[in-house]
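Look for subunit A in each of the two complexes below; its partner is subunit B in the first and subunit C in the second.
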Partner chain A sequence: MREPYLSWPEAAWLIMQFTICANYLFMPQLLYSMSGRLSWAVTMIAVLPAVAGVWATYYLHARFPDERLGQFLPRLVGRPFSILFGSAFILFWLGGAATNATVFAHYVSDTSLQFTPVTVLVATNVLMIVLVSLSGLKTLVRVADALLFIVVPFLLFSQFWPFFGSRIDLSNLAPMRLSDLGADKWRLAGAALAMYHGYQFVFVAGPALNPPGRSALTAGLVGTLAAVPAFLSFVAMPLLAFGWPYANLLTYPAASFLEVVAPKTGLFPIRRFDFVLTVLFRNIMIIAAMSYFYSAAQTLSDLVSPSARRMHPWFVAGLGIAVVASSAAFKGIRTVMQFTGVWVLLGALVTVLTVVLAVVARFRAGSAGRR
Partner chain B sequence: MRRPIKIIPRSLQTEVGTPEPPDESPGVPEPPVNAVLRFDDVEEQISLISTALGVPSDLTVRRISDGIACLFLSPLADQGAIRHSLVEPLSKSSWLELQEKGQAARVLPVADVSEARSVEAAVDRVAEGEIALIVHGRATPYTLDLRGRVARQISPPISEPSVRGPRDSFTERLSDNLALVRQRIRNRKLRVRELTVGRDTHTKVAVCYLEGPSSPEMVDAVIQRLAAVTTPAVVDSSYLVPYLSNRTWSLFPPVAATERADRVCAAVLQGRIVVICDNSPFALVIPIQLVTLFQANEDHYNLAIHSFLLRTVRVIGWLAATLAPALYIGIASFNPGILPAHAVMTIAAARHGVPYPPVIEVLIMDIALEMLAEASVRLPTYVGGAATVVGGLILGTAAAQAKLVSNVMIIVVALTAIGSFAIPDYQNQLSWRAVRYVFTLAAAFLGIIGMSTVGLIVLAHACSIDVLGVSFMSPIAPWRWTAMAKDVAMRVPEPLATRLSQRQREEEAEGTADA
Partner chain C sequence: MDSTRAACRTAAALASILLMMTTCGCWDALDIDRRAFVAVMGLDSDVSGEGHRPRVSLMIPMPGGGGEGGAGGGGAGGGEEMTAKMLVVDETGVNAEEAVQKVRAMVGGVIDFSTLQYVVTSTDASPDDLTGAMHTVQFTRFIPMTPFMFATEQKASDLLRAESPSGKSFVDTLDGIQAQSRLGLGHVHYPQAWETMSMLINKTGDMTLTLINSTDRGDGLEAVGAAVYDGAKYAGTLAPTDALMLQCVALRRYSGGTYLFRGDDHELLIRIIRARTKVEVDRGNADALRFRVSMRVNAVLMDSGGYRLPLLNRKKLDELEQVAARDMEARLGRLLERLQGWNSDAMRLYHEARVKMPEMSCEDFKRVYPGVKAEFSVSMLLVRTGLLR
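Up next, the complex of A and B:
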């Protein structure tokens, strides 16, 4: 039994950031390529599968309040399936950590540190992730708590500020055709299933919830719903500012949009508004990447050694090195985008697995409960 | 009629209650019945104690009357008290009157009279400054606490001055410091637990807390940690800090050190634990949070709005002290594009002719600033001012004119220095001065992105610190909204503060508050 120290608002805040992560750097492009001008609608449609995922996670947490995914999985589905299912989660989370760390490194390399090797930038991101993971979940939660006061004002500012400018043109959304959604429906369905996945953090942080049980449901719902405006803003704002198909031609539509909406007067003390926001959004990315990485490392550790009290530092460091090494395979942002196309499908699989596990737990009552 | 004398050889290991050797013991000759009275046992005890102390020249042996002598280290004893409370009452007494156990306590007008368990124990007490009263026929001396210590008077705080608020501060005398606390907190629930630490120094340490607001687990933990102190010498309260904290390596001070009596009392009233160490004017407050290190006690004496203003200025100062040099490097070397063009041109023009990159410029000036700060602390007050003028104004201006550093850099360093001195707690100030170098180097490698990286690492480090189970970052992380509303950005006015304190206590009782 671990010390419960995570309140539901804290969990919701973490889940929100886990969901948002660095999505503003790659999700708009991904959705534009699948559903064109109507991509913004997908950000709202995707809430429905997310609610199912939240419920399933809550159900599993309620059945195993003191255990993490890697601890209850073997008892729920047996050792072979636990390795199979666990691997899917671990790959998805590790992929998330790698994607976040890498996409951000590429963005920074493209926009401000052109002469710094991308691997160095990835390594600095991963260094932070590994250090926090070594400190444990409590530190991760506290870092996320502390960043609330920095991130929220800028998150809100970036979403509402554009409405005071002249760049927004609502007519850019027209004509809205439902047929856009059917162009690549299977991939789109996968992206919608995977889009809001932050609630999965309960699989790892569940035993720390205070009080356990229903707070997992509240945190999952609030965190997921709080992420919707951010997703909607990231996807819809470039469309409103640049129009279709120009938004689709940009490598980083949301980031380019932020640059465009910054005041252009020479007297404005910060000219590169997008750069400042990038530094601030980097905090969200890091929290998300930490959550992904910690979830993957902890689940792997639990599957290999369920009784271990702490993850071995060399194991965590080794995983970090693996993430940096894997990022070397991404030769440019286009490779990263191709990978994210596969990664969201893995995310869809994990969402389905979450629901499946909840159904299995419902019908295998004997395996549930405290150890 | 005096009894015949029997001289019993004694040793350092003699314990009270050890059965005396029988009269017919072969090694002890029976003296003749009408022998001249001799007090050889008194002399032997004097000799034993004196020898054990190394026959120091400041050891005073005073023979008060027949069979009664006292022995003490004169620098530690209160000569007046010895005369009035010991010599005068006993000068007309006989050693017979002090034979019975506990008799000395009745005869002497001294509160603290005890009987040493052994001569060896008496030696230790004499070394600590107590008086050994040797009485003929008694196996061990009495010991009396008539210490008169050289200590400075209570004076205004030197390291934590304030415009408003009390002017008294702690001194090196533990009893004075405890008196300052008790004068302010006249509450029966104020608890003081004394311990002796330091194998060689036998330093007295008092643990003060208020029963009720303080967590009993925390109090126990502090006492246990102090009892486990293994260091031979505790010459200042700072020697205890590593034992009170469970982290050996930390950027931030795990406890607050203060010489202000009002700050100590405020901490006790808030439920914190205070460790006061004899011979040290700095009390240790535990547990401590980062936000409290940015608070000055004066905040509580000013209007809430004034406190808010001062705290805001302190935070700006802290940001300037920590980030200004790194930001200069970041903008000048990596990210000039974030500033308007004419601002960038101004910086570039100022740097024109400076022969090395901004990071070297920053390091030169930072180190010069550190030297200046260190010199001004070490130098006498009347020389310190001159050194500051020479170092700060003349050297800085000359360096800029010689194009060794840019004018902008001088402004940055000045901002850094002023900001640094705006941080109230000295230990906290030193921590952030160290962090500034990490930011500087990170900015030299990766610009503002590097600063952001270090910022997150420092934040993660601060978030990982727990002092006695309380988060160092509380109430910001984890969120404690009531505590945050009460005394973080500003100290709310009193009626509201009391209500919030009450609510905080309820939250603590429910287990939803951190501290």
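Up next, the complex of A and C:
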């Protein structure tokens, strides 16, 4: 067994990026379509199921500190259910990797690189994802660490600058009608359940945590709570700037918001500061997509071959090619958005499964411990 | 063995970060000299037997010179002849998109809208054409949401061909007009395209666009006032001073300009440093809405026409503050009456009404708007400028 190398602040930072991912490019529209101008409230309501999920993940990690999801699932729920439950997680994570890589490729294609085929943009994203996955979890962690000083200042800037830029009109949130939340309540409940799911990374990175146990809880809570202001700003800021229903007509409200509040630079080629932010947010998307992809690949590998030391390189490369190929099925951002609607429901299922697994672990004392 | 593995991992991490920064997916390397960057876009309506059709004009700087069929924006600078030319092309179509597609067939290279800085609409443009073209600007790929907007009483396609005797480009002249506005009559404010669109879609008030025409001698551009709208329909024109006061109310916070009034038997000039406006609406009878518009103005009394005040005595300044404030209140009252006559909520009173009375739609508000009462209250802090010299 290797020395654990993942401290809780590193894990929290990774969980935050895993949670934020490219959500800012698709979550606002999704929420607007469900709950109108009160969508921003959902980002806070969603904290409750997230805390339950964090606790359940921590509980499972505490019961199986040296094992990943794919390793402890068969002993916890039996072989047939492990395949069923594991498939739900794998599908959700693979869907997350594909969605992130694809939605970002569409955004870049729509705004700056008009002549580059979207598949090429997806392929460049997936190339990096596969490279890091081939190098292992430690490389993923270190890449995420290295981005801290590059991404955090701009992330903070994008959240605080608008308040000094006089583009914000708080009255755009009015009138607040609670009935907006009930307009599409089942889909909305699904979105709320799935919104903060970054803590699931503990299922894969758990054995690397140093120290194990409580650090999983701390990292899960801190990472999730750190993602809340980011989500809140991505959903609320476009409403504050553009008003309703204008915000609902935009394809990428949060990205458009960055465009209109970005300070004027006037200097070519940094003519549009939002492009700079886009490049930086691309890093978050890549980290998140890597985490999704790595989690899916590792869990699939563990389910098939629990004792294997490493994932087979051809298996990882093949999975990467599958992601690129599946992205080709998305004809335009509209199809991607339709898929995210389904993907979010899958996320809700996975959150429920996480809690169910913790409950099962609580009542099946004999399943704990090393294999 | 472990150190080799660690080194490999570090190399992989560094390579990944490098890839993130560099592999952005540039595909076909379309060189900059093969692009036609659009600086200004003009919107007109052509009326014919088939009805009105939008006319789109594009101003494209030609850095290497050689502009054909367009107006020259070049001039001299530092004793060196500038070769920059402006190519202006215009076309009509069923909609703005079709007009632009026709232009694409006329201009060599790829038309690139990512540099669009200004959109000018003629006051003759039909509401449908204006709304349709604005939708195109806002929801078309590769066009930024932030170009400035203004209006003109001439044909936009003609205005784009105006030449500047100073050699300044069209865009530089427009920038300069706004930059100087605070020191002048203060009525120039270019909203960004998305702000205009927000007004048209959210219907929280009506838009006001600065009016820019070419001078009578045709040798430059001048800001002549403001065009106010009822929805997307041009409603009327305001003179510069009225436009200044309108901007102070409509934008709620405005950086001001100069204001002329009569006090102490002189025509006096004050420079508004800052104006903040608060609009409140009385809940009550929806058919007889009452608004309270309170404006707080910080201003400086200019040493106009040889009129000077003692440095230490504020009594006269206090009197003049009151005179100027009452003058502004009276002007705002008259202004609202004119706007009501045009059915234009350019003061954006509905912006407040919709919060207090969410059940009242913009259309409901417009029905009662002609009967709306507003009480204007201006408080001013006036200081004197200059030194005793």
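Criterion: the second predicted complex is superposed on the first by the 362 of 371 C-alpha atoms of A that agree within 3 Å, B and C clash if a C-alpha of one lies under 4 Å from a C-alpha of the other, contacts with A are read in each partner's own complex, and residues count from 1 in each chain.
To be clear about the criterion, a contact is a pair of C-beta atoms (placed from the backbone, for glycine too) under 8 Å apart; a residue touches a chain by one contact, two chains touch by 3 or more.
Just so we're clear, the structure is a prediction, and the values are computed from it rather than from any experiment.
Aligning the two structures on subunit A places subunit B and subunit C in clashing positions. Looking at the shared chain after the overlay, A:9 reaches subunit B, while subunit C stays out of its contact range. Shared-chain residue A:256: touches subunit C; no touch with subunit B.
Residue contacts after overlaying the shared chain place A:242 against subunit C, while subunit B stays out of touching range. Contact with subunit C, but none with subunit B, is seen for A:110 once the two complexes are overlaid on the shared chain.
By the document's definition of touching, of the two partners only subunit B reaches A:148; subunit C does not. Touch criterion met: A:171 reaches subunit C, while subunit B stays clear of it. Contacts of A:81 after superposition on the shared chain: neither subunit B nor subunit C is touched. With chain A as the common frame, the single stretch of subunit B that clashes into subunit C is 452-460; none of the other options in 92-100, 452-460, 488-496 or 506-514 do. The residues of subunit A shared by its contacts with subunit B and with subunit C are 108, 112-113, 116, 120-121, 124, 127-128, 131-132, 135-136, 138-139, 142-143, 146-147, 271-272, 279, 282-283, 286.
Only residues 105, 108, 110-117, 120-121, 124, 127-128, 131-132, 135-136, 138-139, 142-143, 146-147, 166, 171-172, 174-175, 242-246, 249, 251, 256, 259-260, 271-272, 279, 282-283, 286 of subunit A touch subunit C when the two sit together in their complex.
Subunit B contributes residues 334-335, 337-343, 446-450, 452-453, 456-457, 459-460, 463-464, 471, 473, 476-479, 511-512 to its touches with subunit A in the complex. Residues 5, 7, 9-10, 108, 112-113, 116, 120-121, 124-125, 127-128, 131-132, 135-136, 138-139, 141-149, 210, 266-272, 275-276, 279, 282-283, 286 of subunit A touch subunit B in their complex.
Across the complex, subunit C meets subunit A through its residues 8-10, 12-13, 15-17, 19-21, 23-28, 30, 114-115, 139, 141-142, 144-146, 192, 194, 197-198, 201-202, 204, 253, 351-352, 354-355, 358.
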